[in-house]
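Please go over the structures that come below.
Look at the two complexes coming up: chain A is in both, with chain B in one and chain C in the other.
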Partner chain A sequence: MQSPSKKTFPVLIFWIIVGWVGFLILPWYGIEDFWTFEWLVDGYPLDSDYAPGIFLIAQGEKLWLTPLLLPLIGGLFAYRLGKEHALYANILILAGAFGFAWLIAQGFGIGLRGWSYDWLEAIFGPLDDRQFGMGYGAMLVSACFLFLLTQGIAARGAVNGDVFVVSSIGFVIAVVGVFVFFPIARMLIAAFITEEGSYSVSVFFSKFLSNRLWGLGCLSGGKCGAAWNSLALAVLVGFLTTVLGLVFALVVTRSGFRHKRLLRALTVLPIITPPFVIGLALILLFGLSGSVTVWVSDLFGIQPTRWVYGMPGVLIAQLLAFTPIAFLVLIGVVEGVSPSMEEAAQTLRASKWQVFRTVSLPLMRPGLANAFLLGFIESMADFGNPLVLGGNFDVLSTEIFFAIVGAQYDQGRAAVLAIVLLAFTLSAFYAQRFWLGKKSYTTVSGKGDSGIHPHMPNRLAIPVFISAGVWALFTIVIYVMIVYGSFVELWGVNDTLTFKHYVTAFSVRMDAEGLRWTGSAWNSFWTTVQIAALAAPLTAAVGLITAYLLTRQTFIGKNAFEFGTMLSFAIPGTVIGVSYILAFNVPPIELTGTGVILIVSFIFRNMPVGVRAGIASMSQLDKSLDESSLTLGANSAQTFRLVILPLLRPAILAALVYSFVRAMTAISAVIFLVSAEYDMATSYIIGRVENNDYGLAIAYSTALIFVMLLAIAILQLAVGKTNIGRRMSQPKP
Partner chain B sequence: MTIATSSKAASVTFRNVKKVYGRDVLAVDDISLHIEPGKLVTLLGPSGCGKTTTLRMIAGLEMATEGQILIGDTDVTKLPATDRDVSMVFQSYALFPHMNVLENVSYGLKFSGFNKAETRERALAGLDLVGLNGYGDRLPSELSGGQQQRVAVARALVLEPQVLLFDEPLSNLDAKLRRQVREEIRDIQQNLGLTVVYVTHDQEEALAVSDRIVVMRNAQIAQEGSPRDLYELPNDAFVADFIGEANLMPCSIESVDNDVATISIGSYRHRLPARGMAPGAATLAVRPSRVELKADMSENSMTAKVVKATYVGSHMEYTVETESGTLFAVSGNVSSIFEAGASVAMNFAESGPVLLPKS
Partner chain C sequence: MKNTFTVISAGLFAALMAAPAMAADKITYYCSAQEDWCQLMANGFQDATGIKVNMTRKSSGETFAQIKAEASNPKGDIWWGGTGDPHLQAAEEGLTEPYVSPMRSELQDWSISQATSAGDKTIGIYSGALGYGYNSELLEKNNLPVPACWKDLLKPEYKGHVQMANPNSSGTAYTTLATIVQLFGEEEGFEFMKGLHKNINQYTKSGSAPIKAAARGESTIGIVFMHDAVKQAAAGFPIKVVAPCEGTGYEIGSMSIIKGARNMDSAKKFYDWALSKDAQALALEVNAFQVPSNKMAPTSDKAPDLDSIKLIDYDFAKYGSSDERKRLLKKWDDEVSTLPQ
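Right, the complex of A and B next:
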């Protein structure tokens, strides 16, 4: 058996090599396109745009990089000393911390125009050099410093000296810090910047207190501010989706309804439907030349109105889009209420209605709160439907968009609006916690629940069935309209059926050069697929590692760690979009206009889902599994890889497909981050809608829906074949 | 104690009751049963024998597919749980986690027509009865397993039901607590004169608490009787082996005289009650404690070889091999013991072994 000290050395050697490779071989600064390798033949290694750190210093440029040699050598020194040496841990910590801190300091201190801050110039004098965003080299070197630091901390005995766990914690903290907290912080600061570039509180307040935000004109017939509109809409949507979701959940679990699988299929719809597609279908039905509008006006001789544009339309569209999400949340909760609770209440002389009111409903409270919160946040963050249907009804998400891309181009205003939006969602987050309070809702003892859920009482069943039926019918009509609309020449004007829109979007041609993708949608389609496919495994990986740390390890600051990783769940996509532009437009991390920023935004938007899925399935695996693996001589990295991961296959696949599909349908953050080169399907469609090219937009959306159905079908197949040989249910006692 | 001795305790009668799940899963097959008021009757059997289904049919949580169920003189076959005067202590206790202990105990009283003051008074009396005075404000999650169990009992008791049902109430408790809690349950049942139907798969627990035991197997009743009857006079090999352990060995009845049979196992002879059986092949059931091992051969004994000897403190456990098979024996004599490998003389105690039909 190897001695423990030797076992840890491969990891240390690896990161030392990574650090030196980053410093000696790879270009230090960012290259226009992350994935191309033109630089290899374009003046490397001497050209200062492509030169590695050491060449820059040797040529007398960027001398502020020189101190980085010190910690790199420090790593080697620690290796020489060996793990038993008293100074080993301290040297690693010192090297890692100093290196990392210096990297950050020089990155922020020196930017595109020399010193980033006046006071630096005042101290060190003028600097006639500048630097761009970090590249491969800088990335590897910073990773090296981070893991030197974590290995040092582990060597000091943190988390039982487990290098893998400490490194994972360090890694997650670093990436969440860089890609969640840093952008948000940048955005907060941007709200205080005046047009001249100095800081002022009054600027914030003048933008914050604007009438366009908080006006109450609608109470007296005028227009209300975007903040009030968003809030009212979100509360309504949250409440109504929760009620409708509960209705469907009750039909599935507490009634003799036979076609339950059909209803469950409903839950897939919102995941695969780009959010604004519902809005488009509503226009086809209720717009000025919509089918229903025309029919009603012919029948009753009423002048068609634009009633659907504004609050009513957005509300209906969001209810259609988000009710299945509430259903998805609630079905688990409604099923999770232990049948023996309800049976106990029955034997204690409570009637079915009393059982429902005093036991079932209170036990569903966490689910109801969650469903409300989700509806609220989704509504707040929804960008597509208000853009398509909003009319004069301004909401925060669209206002933010117009502040950034519109003629006003006011980053400060966008930041202020985003802060208001964020404040709303975070308040909802806390209100939920407060409402749930300290009461326990979990079954005290999980053993031996063999009962069955009773059916709903009649006074509940009748209204539930009616509303579920009406709503399901409406949803079906909407989706039929989407497919049908994609084949109509020009809705309401020329109703002939045609393939024209599909041809425009997805035509291919064979010629001398082989297959050519001539359709106008192909470019954005392939970009979307590519970026979604790259983001999915990364999202799943970060999510599952985080889940592993949260369920399996205890360490100081775990609660704060959990809060940080779940925070991006409460941050609306629009806010992420704005904060990313503000944060990653300038060095030290320059990402705007690249595909990387899209991938990164997807990872951190969808990470909480990966974390939740991972936590849910990991908490079902008994901890004794890990412990037995550990006592059998595996370390925690091997345990994670050989024991936990194989058992988590369903969760991994779910996280993969979910993040893939979400990346394909996302719009709110994406709309800020796309560029000419990296256009995504959703933003392309929104562009068509703005040009009133509904046919193409709907055809493209339909195609997307089917592509994603295919993706989910493949997942079902894969998961269906995954047999992890665990007993699915307890035997009857 | 304000909960009066129950005058409401009622009998439970099953008449040819059958329960079929889905199309063809037979859970309970044509059971007829009479439980007298004020008695504690245990349904005992291995997993899946239909005992829990039987209990749930009394509660009204399952409806009988065929047959008739009566509580007292009332036919309750079609009555839902809410309308039956029965309450139940669940295996998982099923305490409502969002209510505190007092609210849990008051829950059923609220729906039974008591006013607020009465409800509170009765709930507090119930808590007093199970020794949980002053725990009213706690949440179930703040109680130990044993305390949760008592709350569940109090919650069912305060309704003064005609019949009180227990579904494996001790299975979530540790061994030491089990003995204590089962004695408490028995005390309360006897003090209040309640009719209790109790489900368990633990034969020792069943023997300890019951007035009568109903042993079930494969959806049917295997035997019914007092604990002593079942232990000493089992009907067949299944009951003999399920209630306490038994060495089952083939034997042949040589002669029957005045309902006393003489049997032979090899050259060994033994006399015991014939239980109406005629000469021929039969099975002999001998409890381990009735197997006697001695160092010296006497005129009527078998030779046996000790295969395994285990010291368990209060007694010795031996596995011995004879020409007619392997037997398990228990001996209270721990001062002079036999080592594994020793040759010993074995015979059966005068009383204790019983004859069973050939299995």
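Right, the complex of A and C next:
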């Protein structure tokens, strides 16, 4: 019943060829400006900077690469033996595992200054050589080893011998391992390094127990530690965004409110707004010389204060920014509560209020917990708003930033702070799972379910409408002010209307060399668009493959696999940023200063959303679809590509849009990873804000908002609608 | 699938096209001065030499951190601008390269003496004195007295009106701390900082932020370099600049070549060019009111005249060293920043 062995061979020979190409043709080490192909005419293949692995060995250099030839030959040997041979699987496993392990060991063992560890030098004596970060050659060879290994495992009969599934699992584990677990581990280690470079537990505790972290001075008039500040803020934001999100969800689903579309549009806006814009608008409205402040103080003769700087300001900005996320989570849940349950309760003479309190609300528990968790994590990770509005209210995310970039420059302290932050978010992640427990919240079953949701009881409706109205009005005012602010000379000082800021940022000039992008924002703008456009499809791809494995396949360690892939969701961007510089500034993987590190950080930060979206849509597709495809002779790769993917368009779109938008608006991880060549829009804007150049910052942000709206529209067109229409014929793919 | 593939390939194509089509000399330029000045210097150098400039602007503290993090594998070539201390610190830690420029004969003495004290690893490109500025409208509105000396800032009526940067994150604020310590002695200096702490409404992260807040009316007094205050006044904000009567410290904005620079020749070209009269004259185009180190470079009449200000004999070697800096910052952290306000 399995497809004949012929099917397996093209895959095997493909990866063997890839491995040999990597070893024989492509430069082994990383090259700056690889894609200019200057290296081709600059001494390749003999120059040791550009030489492929085999040329290095032949010239007697980097001899530690020689053992890699063994597994490469081993792969060929297995191919000759053929699949039926008893040793086939074992040889592949041995070759893959040895090759991969050796590659990692030599990468970590030998660095920029020869041996990376003293004990290696003690054993082998001094090494008068060094190596840089791995390049494309090494990348292809390691991919070859990885897939030799997975094919060997598949040949041993794992997951019914399905090569595609085993390889996908291996691939996801490898990339998540390299780009999530490895950096986090590096960061954990950095927390224990003393200034002299040795390891010590006491250094961790002296930084961990610092008063600046855990001080409780605010209870007696002083300042509290950043850890308490962050925690208090995050709990408040999590709670309030959940309440506000629920309010909106109720207005949309359970009231006679007419303009639901408008409300939906309003909730999308903050998601596509660069993070500190709201903070800026708050300053311009409520700061010491803000429009509202001045107006109120003139009217009532109240002395203006700086109340907006600090916790109140950050809290308001975060509520504005994160309530929509809670709303998007809750609307599905509120809609999902089966009306028949509520109708049953009403039939049993429960009042509307009783129904809401004892039936509807408890059934929304998973959604409420999710919304709280999201608000909590977003608040913990938020960087832009505390930076602009924080005043003397220190939170972990900004403290981490200034531990790294401040004049004190203390990576260890940044790592310790990041660990505290991570501990908070992971505890929340865990607590959420624990609280939801194993209760069943399923109310939608296959049976007919045609009821209508009852309207809210009055005592609920009135406060709900009031708070939704206030929030909506506030949001509208803020956004009107943002657009207005981008068109005035100097808000609050000189209110002449002008296009000056847009001209400074986005002017173009025609001259002898053709079109010149002279505006100061173009550079970061194009980088951002490119990186977002590259990261989005890759994020969607990795996310959907993972979702496919999680919903459609069973294999050993699936729970751990799921936890691992969802983990990066609970890791704040600041932590990702810090851990990435610690992990990827030195060989074996050297990525700082490149565009790749930005793309990679976006992929792994946003992947969990792709996974979630994929899981949600895939659970709706009946397994019989896959089964019939497999019965008809397709293998699982073909099934995934031809049957499942086309049905997943909504999930693909969601993942694409989300990762594109996040890549354009993210700041917390980005601020650590940008470089001269790859500057991102958000880091450029924050530079303008620091420089008192609010007009330009706001104009740029406004432009970004419109670009994102446009991009979402284009994506929608490109991906198209799923036609799961039962009566319509299936269009051609 | 097909569509996803199209998107991916379109993206890859875009990335390929974006890579520079041909090779040329280039330089990675870390800049710690104000953005428009940085940009002007980058463009000016590119126009003058045809060398392609990759610029990153970060504060001097951030840039120092970056250079230190990249020390085993330097990415930058030249570091221009920003207060001298981090440059001296980098020199002390061996992160920068010694270089004696043929332009030295045209430079002011303070610039050369800074260079020799640092083993030629850094050089002064401009200098500016510390002071403070106040928003005259807000001062009047709140019926506050006009300040003239450092000690005036301790008056209780200024409570909640003074802003300065956090010395942990800003070179300007560290210069303030070191100036006060040199002016009043360490003991009395810290008493001053404690008294000042009571009046501070916010320790900002960036050095010039306090005067910008004052310009916008978000705060009344900002402790900054005087040329930053002059700049806000020149931009039309109601800012008055004060040179404190007790005397004050100053900074030497510096430039260093990063050790192990990948484009060493370009870096040296930039170095020589940045010390030239023409390059230093660019400062006036962006309202940078510092005093240039090239004797022949023109100065603005709005710039504070260093001769008329009582300058202390600032000990750059001592207060620029990392041990002294760490000690003072820790003391400030422990004794001042934790006090209730």
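Some observations on this one:
One rule holds in what follows: the second predicted complex is superposed on the first by the 706 of 733 C-alpha atoms of A that agree within 3 Å, B and C clash if a C-alpha of one lies under 4 Å from a C-alpha of the other, contacts with A are read in each partner's own complex, and residues count from 1 in each chain.
The criterion applied here is as follows: contacts are C-beta pairs under 8 Å (C-beta built on N, C-alpha and C of every residue); 3 or more make two chains touch, one makes a residue touch a chain.
These numbers were taken from a predicted model, which means no experiment stands behind them.
Room for both chain B and chain C is found when the two structures are superposed via chain A, with no clash between them. Once chain A of one complex is fitted onto chain A of the other, the partner contacts of A:A512 are absent, as it touches neither chain B nor chain C. In the superposition on chain A, A:Q354 contacts chain B only, with no contact to chain C. In the superposed model, A:P362 lies in contact with chain B only, and not with chain C. The larger set of touched chain A residues comes from C, when the choice is between chain B and chain C.
In the overlay built on the shared chain, the residue A:L497 is in contact with neither chain B nor chain C. In the superposed pair of complexes, A:A344 makes contact with chain B only, with no contact to chain C.
The superposed model places chain B and chain C at 150 degrees from each other around the C-alpha centre of chain A, with the value given to the nearest 10. With both structures placed on the common chain, the touch criterion links A:V201 to neither chain B nor chain C.
Superposition on the common chain places the nearest Cα atoms of chain B and chain C 37 Å from each other. Residues 733 of chain A lie at the contact with chain B in one complex and at the contact with chain C in the other.
The touching residues of chain A, counted against chain B in their complex, run 338, 340-341, 343-352, 354, 358-359, 362-363, 365, 439-451, 731-733. Listing the residues of chain A that touch chain C in their complex gives 32-33, 35-36, 38, 112-113, 132, 211-212, 215, 217, 220-223, 283, 287-289, 306, 309, 387, 391-392, 398, 402, 404-409, 411, 492-494, 520, 526, 530, 533-534, 536-538, 540-541, 581, 585-586, 590, 592-593, 595, 641-642, 645-646, 652, 656, 674-677, 679, 687-688, 690-693, 718-720, 733.
Only residues 1-4, 6-8, 10-12, 14-16, 18-23, 28-30, 34-35, 39, 54-59, 61-62, 64-66, 68-70, 72-73, 75-76, 86, 160, 166-171, 174, 201-203, 205-206, 209, 212, 215-219, 236-237, 262, 325-326, 329, 333, 337-341 of chain C touch chain A when the two sit together in their complex.
Of all the residues in chain B, the ones that touch chain A in their complex are 47-48, 52, 59-61, 80-82, 84, 86-88, 90-98, 107-108, 111-112, 139-141, 145, 148, 155-156, 159, 165, 167-168, 171-172, 201.
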